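First chain A sits with chain B, and in the next complex the same chain sits with chain C.
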Partner chain A sequence: MRRGGFHKGLRGFWWLTLGFLYLPLIVVMLFSFNASNSAASFTGVSLRWYRRLLGNDAILSALGNSLLLAVVSSLLALMIGTLIGYGMYRHRHRKLGWLIVLIYLPIVLPDIVFGISEMTFFVKINELTGLLSPGLATMTIAHVTFQVPFVALIVYSRFVGLDPTLFEAAKDLYATPRQRVQFFMLPTLKPALISGFLLSFTLSLDDFVISFFTAGPESATLPIYIWSAIRKGVTPEINAIATLMMAAVALAALTSLVLSRRRAAS
Partner chain B sequence: MAYHTTLATARSRAVVAESRHLLLTVAPGALWIIVFLVLPSLYLMSVAFMTNGPYGLPEMPLSLTSFQQLAGQGFLGWSPGNLMTLGRSLWQTVLSTVLVVLVAYPIAYYISQSDQRWRPIMLLAVVVPSWTNQVIRTFGWMNLLAPGTPLAELAEAMGMIAPNMGLYPSNFAVTLGLVYNFLPFMVLPLYAAFEKLNLSLVEAAQDLYASPLKTFWHAVFPQTLPGLLAGVVLVAIPAFGMYVIPELLGGGKGMMLGNLVANQFAGSANWPLGAAGAILMLIATFIGLYAMRRIGKRLGGGEEVVI
Partner chain C sequence: MSAVDGKDAGTPEQHMTRKPAGARAPGGTHASESVSEHVGESFDDNAGENLGDTVNESVGESHGTNADQPALPRRAASSIQLKGLHKRFGNEVAALDGVDLSIQPGEFFTLLGPSGCGKTTLLRILAGLEALDEGQVVIGGRDVTEVPPHQRSVNTVFQSYALFPHLSVRDNLAFGLKMRGVAPREREARVAEMAEFIKLGSLIDRRVDQLSGGQRQRIALARALVCEPDVLLLDEPLSALDAGLRSQIQIELLRLQKRLGMTFVFVTHDQQEAMVMSDRIAVLDSGSLQQVGSPREIYERPANAFVARFMGHANLFDVTARDDSRSDAIRLTTPLGVLTAQAPGTGSLLLLRPETLDLRRRPASEFERHDVLENHLPGRVQERLYRGSHAEYRVEVAGVSVQVVVNNRGGQLPEVGDQVDVVVAAQDLITLRG
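This part shows the complex of A and B:
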C-alpha cells in the first residue's frame, strides 16, 4: 500500500515536471496567435504576427544569414571533421592523448570564453593585417571550430563500430585507395556523415553567444535578431518567429532520430 | 644481409607512409582548432596581464591591475560590486545545481522504473525543450513572469512581491531559468546510472530488514554516484559561466560572472578586466573536469560523458 502511494506521488511529480518543461514553450506558441499585442492576456486567434514577419526585411535577412552560415560552416566542418575522425581511428593505437584534449577543448570551453577569445583574436588580426573584419566570415570560422569535434566524434564512433577486417578485405581484393574510398568508406560512412551534418547544422542555427561576439554590424542571425528585439522591448512578432524556429528544429531533430532508428533496425 | 636491409627499408618506408597518413588526416582539423581556438584563448589570457588603454584595448606594460580590479579595486578605492557578482555566481551555481539534483533524481528513477517501451519516449520528452534556442526559452519565462501574468499575480496575492511588479528581473528568476535550462543535463546521466542499478544489493538490504531510507542510502545512492557527479559537472560548469539567463532574467542586481566579463568587451570597455574574469571561468572549468576524472577513476565505473 505504501509503495503504491509512493509510486503515485512519483507519477504526479513526473507530470508536474513535464508541465514545467513545456510551459514556457507553450506560452510562446500560444501568444504567437494572439490577436492583441499584450503579453499578459489572450484576446483571440489571429495570424497577424505571422503576416508581419513576411514584410519584415530585417527578419528575412537574419534568416538568410542564419541559413547561409549554417550550410557553409557545416560543410566545412564535415570535411575537416571526417578527416580527423578517420585519422583518430586509423592511428588509435598510437598515443594521441594530445589530439583527444584538442578535440574536447571546444566542447568543454564555456561559450562566453569561447566567443570572447575569438572576438579579441579577430580584432587583433584585423588590426595587424586588415583581414577578418567581423562578419559572416569570422562567424563561419567560429562555428566550424565548435562543429568539428562533434563531426569527428560521430565519424570516429562509426568506424569503431565496424568490423576491422573489412578494411583488410578491401585491401586484399586489390582495391586502389580511390576505390576503397568510393566503394567502401563513403557508403559505410554515409549515416555518420548525414548525422554529423545535421548536428552541425542544428548547432549552428541554435548558437547565440558565440555568434553574438563574432558578428559584424550586418551579419545578425535569427537568434541575434531575436535577442536585440527582446532587449528593445519589441516583442509580439518574436513569438511568431520563435514558434517557426521551434517547429523547424524539432522537425530536423526528429528526422535525424527517425533515420537513426531505421538504421538501427535494419 | 640484403634481405634484412630490404626488410628494414620496407618497414621504415611503411612507418613514413603511416606518419604521412596521420599528418594528412589529422593536421587540418588539429591546426584549425590550434589556430582558431588555442591561440585565441592564449591571447585572451595574456590580455589579462596587460594594462587597460584609453579605448578599453590592452596595452603594455604588463601588470596585475586587472586582477585587483576584479577583486573590487577601482579609481575611487575599493568597492564590493565585483566580489558580490562573483559571490552571486557561486551561490546561483550551487543553488541551481542542488535544485536540479532534487528534481532530476526522482524523475530519472521514475523513468528507469517505467515500462521499457516508454522509456525512450520519456527521455525524449525531457530533452526536446532543450532543442529550442536558449534565447527563446528564456523569453518564454519572461512572458510567464511578467507583471500581470497569473504567476506574478499569485505571488502578489501571497505577498511575495510588491504590487504591479513582475517576478523578473530578480535573482529568483535567474535560479528558475538555470534550473529549467540544465534539468535535462542531470536527468540523462542519472537515468544511465539507475538503468544499470544492481537490484540484488537492494534486495539484500531489504532481506536484512533495513529501513527504506537506509536501503536507499547504502544500496542505491552509492551506485548512482558516478551519474550524479557527471551531472553535477555538466550543470555546474556551464551555469557558472552563464550569460543569456542572468542578462534577460536578472537585471542589474542579478548579474553573474558571464555578464561582468561580457560587459568589459562592450559598453564599459576594459578588456584586461574581462580577460581576468575569463581566466577565472577557465580555472573553474578545469577544476571541474579534473575532479570528475579523479572521482570517476576512484569509483571505478568512470562515466564517459559525450554530449
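This part shows the complex of A and C:
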C-alpha cells in the first residue's frame, strides 16, 4: 500500500514538473490565437495577430536578421567545429589537457560574461581600427564562438564511435587524401554534421544575451525586438512571434533527434 | 614471370591502365555455358605452375570442387623483398629488428608469432600504413619504401574487416575501383563478377550492419580482391570467427589463393592455422625472424627452442654428453638416459615431439630387467587425458616428466600407474640450439 502511495506521488510530481515546463508555453500559444487584445480573457480563435505580424516591418526585418545570423553563423561554426573535432580525434592519444578545456569553456561560461567581454573586445577593436562596428558581423563572430564547441563535440564523438581501421581501409583502397574526405569522412559524418548544424541554428536563433551586447542599431534580432517591445507590455503580437519561434526550434530539435536516433540504430 | 618485370618502373597511374578491359575478359565476360570449360583449362595451368612443390594435402581436393565455380582472370603474381627492416615505436623495444625476407610470386606466406612479436607491424609496413625507420620494401620489383598506401598495388583484409558502415555491400566492393578512377560500367561488371566468384549472391544489396561475421569476412576479402592487387595482405582475418566457421573458411581461402595464384601474406598467432594454409611460414619473436620454411620444416626441424615450443607441444631436454664413436649412430646422454640417434644435428637441446613417442606396457616379470632395448625408456604413467581419437600422457622417466601422445587404434591404452617403456625412434631424434 505504502509503495503504491509513493508511486502515485511520483506520478503527481511528474505531471507537476511537466506543467511547470510547458503550461506557460501553452498559454502563450493559446493567446496568440485570441480574438481580443486582452490578455485576461480568451474570446475566440483568430489569426489576426499573425496577420498583423506580416504587416510589421520592424518584426519582419528582425526575423530576417535572426535567420541570416543563424544560418551564416551555423555554417561557419560547422566548418570550424568540424575541423576542431577532427583534430581532437586525430590527436586523441596525445595529452590535450588545456586545449580541450579551452575549447569547452564557452559551453559553461555564463552568457552575460561572454556577451560583455565580446562587446568590450569589439568596441576596443573598433576604436583602434575602425573595423568591426557593432552589427551583424560582430554578432556572427560572437555566435560562432559559442556554437563551435557544440559542433566540435558532436563531430568528435562521431569519429570516436568509428572503427579506427576504417581510415586505414580508405587509404588501403587507393583513396587520396582528398578522396578520403569526399568519399569516406564527409558521408560518414553526415548525420553528425546535420545535427551539429541544427543545434547551432537553434542556439543562435534563441540567443538573447550575447546578441544584445554585440548588436548594432540596425541589427536587432527577434529576441532583441521582443525584449524592447515587451517593455511596453505583452501584446498578443508577441505571443504570435513566440509561438512561431517555438515551432521553428521544436522542428529543428525534432529533426536532430530523429537523425541521431537513426544514427544510433545503425 | 616476365610480366612482373614489365611493370617494374610503373607508376601507380600506369598500374591502373596496365589492365585493359579486353585483356582480362575471358573468365568474366564469357557466356555462362563456356565458363566451366574455361575454368578447367585455367586451373590446370594453375596446378602446373604453382602446386608442384606445395606440401599441402588439402590443395589437391580443390581440383574437384573448382570446376563449378566461375573463374577470375589470372594475372602474374608479384614477389616481395624486404631488406633490413627496422621499426621502433617511441622508446619501447624494437617492433622490428633487422628483418630480411623474400616472398615468392604466388606464395601463401604466413607471418606467425605471439602477440607483440612484430608480425602485424610487418604487415602494416607492406601495406604502407606504417613508416620504416630503416630498410627497403620491394614489391613486384618496384621499390615502394616511400610510396604511400593509396599508391601501392596492395590490398588488406583487416582483422576488424573495416567495412564502410555508410555504404552498401555493393558500394563497399566498388570503393577501391572508384578511387582508382575505373569507369562506372567496368566497375559494375567487375563487382558483379567478384560477387559471383565469391558467391555473395543476394547479399550484394544489403547494408553492412545486416551481415553476420562470416559474411563480413567474405565481403572484406572480396573488396580487397576486386582491386586485383599485386599482393593481398590478411591481418588475422579469421580470428573473430567461431571454430567451425573458421576451419571452413581456412579451406576456402586456401583454395581461392591457389585458384588466383596471387601472392598472399597472412598474419596469425595460431600455429595450426599457419600450418594448414601456408606454403611457407616465417616465425617471428621480439621483432626478429626465428625461422623461415615450409610447415613441415618448421614443425619437424625447428631452428631453436622458441620455434619448437611455439609450433606445438615439445619435450626439451639438455644434452649433457655426446658420443660420436659409433659410425652408424650417435649416442646422446640426457636426463632421461642415453639415447641413440641417427642424425640429430649439433645442438645442445634434445627435442621429442609427443606424437613421435610410443608407449609399450612392460610386463611385471620384466620390470626388474635392465633396459636392454635401445631407446626404450622405462617409466610410470602419471596422468592420462583421453581425447577419443588419441590420448595425452604424462609419463615419469628417471624423475623427469615426459609428454606422450598415443593414437587410439582400438588396442589397450595404458592406465595411470602402469609401468611402461617410452619408445623413441632413432630417426626422430633431433637437437636444437638453445
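Just so it is clear, the second predicted complex is superposed on the first by the 264 of 266 C-alpha atoms of A that agree within 3 Å, B and C clash if a C-alpha of one lies under 4 Å from a C-alpha of the other, contacts with A are read in each partner's own complex, and residues count from 1 in each chain.
Here is the rule we use: a contact is a pair of C-beta atoms (placed from the backbone, for glycine too) under 8 Å apart; a residue touches a chain by one contact, two chains touch by 3 or more.
Note that the structure is a prediction, hence the values are computed from the model and not measured.
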Item to check | Greater residue coverage of chain A in the superposed arrangement, chain B or chain C | outcome: B
Checklist entry - If you stack the two complexes on chain A, which partner ends up touching A:L47: first (chain B), second (chain C), both, or neither? => result neither
Next on the checklist: Applying the document's definition of touch, where does A:P223 land relative to chain B and chain C: first, second, both, or neither?
Outcome noted: first
Item to check | chain B versus chain C as contact partner of A:A35, first or second or both or neither | outcome: neither
Checklist entry - After superposition on the shared chain, which partner residues are touched by A:V160: those of chain B (first), chain C (second), both, or neither? => result neither
Checklist entry - In the superposed arrangement, which partner chain does A:A58 touch: chain B (first), chain C (second), both, or neither? => result neither
Next on the checklist: After the superposition on A, what does A:L251 contact: first (chain B), second (chain C), both or neither?
Outcome noted: neither
Next on the checklist: So in the superposed three-chain picture, is A:R94 touching just chain B, just chain C, both, or none of them (first/second/both/neither)?
Outcome noted: first
Checklist outcome for this item: Going through chain A, the residues touched by chain B and also by chain C turn out to be none
Checklist entry - Across the complex, what residues on chain B touch chain A? => result 18, 21-22, 24-26, 28-30, 32-34, 36-41, 43-44, 47, 103, 106-107, 109-110, 113, 124-126, 128-129, 131-137, 139-144, 146-149, 180, 183, 237-238, 240-241, 243-244, 248, 258, 261-262, 265, 271, 274-275, 278, 281-282, 285, 289, 306-307
Checklist entry - Okay, in this complex, where on chain A does chain B touch? => result 10-11, 13-14, 17-18, 20-25, 27-28, 31, 39-41, 80-81, 83-84, 86-88, 90-91, 94, 99, 102-103, 105-114, 116-121, 124, 141-142, 144-145, 148-149, 152-153, 202, 206, 208-209, 213, 223, 226-227, 230, 235, 238, 242, 245-246, 249-250, 253, 257
Next on the checklist: Touching residues of chain C toward chain A in the complex: what are they?
Outcome noted: 12, 127-129, 148-151, 154-156, 158-160, 162-167, 175-176, 178-180, 207, 209, 223-224, 227
Checklist outcome for this item: chain A residues touching chain C in their complex are 162-163, 165-166, 168-176, 179, 183-184, 187-188, 190, 266
